[in-house]
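Chain nomenclature is as follows: A, B, C, D, E and F, assigned in order of appearance, with residue numbering initiated at 1 for each chain independently.
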Amino acid sequence: MDTWLTSLITSTPQEGFELAIKLSRMGVKYTQTDVEVLKKLRPDYANNADSLTAASQVVAINFQTVAAANNYWREK
Amino acid sequence: MDTWLTSLITSTPQEGFELAIKLSRMGVKYTQTDVEVLKKLRPDYANNADSLTAASQVVAINFQTVAAANNYWREK
Amino acid sequence: MDTWLTSLITSTPQEGFELAIKLSRMGVKYTQTDVEVLKKLRPDYANNADSLTAASQVVAINFQTVAAANNYWREK
Amino acid sequence: MDTWLTSLITSTPQEGFELAIKLSRMGVKYTQTDVEVLKKLRPDYANNADSLTAASQVVAINFQTVAAANNYWREK
Amino acid sequence: MDTWLTSLITSTPQEGFELAIKLSRMGVKYTQTDVEVLKKLRPDYANNADSLTAASQVVAINFQTVAAANNYWREK
Amino acid sequence: MDTWLTSLITSTPQEGFELAIKLSRMGVKYTQTDVEVLKKLRPDYANNADSLTAASQVVAINFQTVAAANNYWREK
């Protein structure tokens, strides 16, 4: 796979949250590398409340990692 | 997306908990950006015990992050 | 919402565990604010083994936060 | 509820693991206080592979807390 | 139960990972102590993709604990 | 099992993420050692949105471990 992650450091918490979203998506993409399949699956979870909660949970776990890496942006 | 997160620091644990709720909701909103869809899905989980437990779990994970960022509000 | 959380510090681990239970319930209440609905849903999970395990998991996650805040009550 | 948790400190990792099991069960008991109901539910999860995995996950989360409290029993 | 866990310290990360697997299995065995039942349940999850993912998740959580106990084997 | 894990240290966050993926897969392989069974199960989860989210969650948990081991690659 091409380079897509060179640092966990971000300027703001919001950028950190968006990096957490990217990490969550990449966790999926490494398992299902066919982008067409992923597009087809999208309505399955984007319109299901429990699937969206599960997606938000993965983001929360990755955000813990990114936030710790950035010392919680305490100096900002 | 507009700026919605500039700091993880809050004055009180309760504000921190409420920020954790916001983070949990934003994790959903980044996946399903259509607010109308989200409104329609709301009764699906707000009236289901297991869905509410799952939602509370995401909040708990995000609250870990916010609480650590605030050194657990130990000085207050 | 009224003030319900002013500190994560408790005198004993058991009080900390009980605070973790409160945090878990508040995570539900912020999502479903109608107490009558919550009462109706109670038998759904209180009589289901998997739902009870899921509830215990949220408590465990919140207890991690409370225990860390209290330095694991090591001095007691 | 009576006093059931006065310390997270244990002599050995195994006692710590057993405390994690106790914490996991107490997370259930605070939600369903009727011991007779809990006994009736037992076969539901003790004979179901996924329920046992879920139970083991709660133990793992609580063991993280107990292990941290004991500095991972590094001196022993 | 007999002594089965006297230390979280291992020589290598791989041994640590294998200890995490043992911890995950013991979390199950404390709940279902009948080995014959466990053997019968094995095909239920060993041939189900979602059950295997759930099992891997418990291992991941326990590996966090073991890795922290060993300071991530940084000196090796 | 042969040696497959000698260090948690990686040069870059991306290599760390890929190690987290490997750890997640090994968690499965220790439970189901028959590679033919694993191949047969692959379509079950690679084409199911919720299964992919679950897989991404295990990766996220393992990535927390690897990132902590590498001090979040802060010096790079």
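Observations
Criterion: a contact is a pair of C-beta atoms (placed from the backbone, for glycine too) under 8 Å apart; a residue touches a chain by one contact, two chains touch by 3 or more.
The shown structure was predicted, so the numbers you read here are calculated from the model rather than taken from an experiment.
Listed by label, the chains touching subunit D and subunit E alike form an empty list. Contact with both subunit B and subunit E is made by no chain of the assembly. Matching CA atoms, the turn from subunit C to subunit D amounts to 60°, rounded to the nearest 5. Of all residue numbers used where subunit B meets subunit C, under half belong to both copies. The two sides are thus made of different residues.
For this pair, subunit C with subunit F, the centres built from the Cα atoms lie 31 Å apart. Separating the centre of subunit A from that of subunit E, both taken as means of CA atoms, is a distance of 27 Å.
With centres defined as mean CA coordinates, subunit F is found 15 Å away from subunit A. Annotation for subunit F: residues touching 2 or more other chains are 45, 54-55, 57, 61, 64, 68.
Taken together, the touching pairs link the chains into one ring where each has two partners. Beginning with subunit D and continuing to subunit E, the ring of touching chains reads D, E, F, A, B, C. By the touch criterion stated above, subunit B contacts subunit A in their complex at residues 1, 3-9, 23-28, 30-32, 37, 41-42, 44-45, 51, 54-55, 57-58, 61-62, 64-65, 68-69.
Residues 12-14, 17-18, 21, 45-50, 52-57, 59-61, 63-64, 67-68, 72-74, 76 of subunit E are the ones touching subunit F in the complex.
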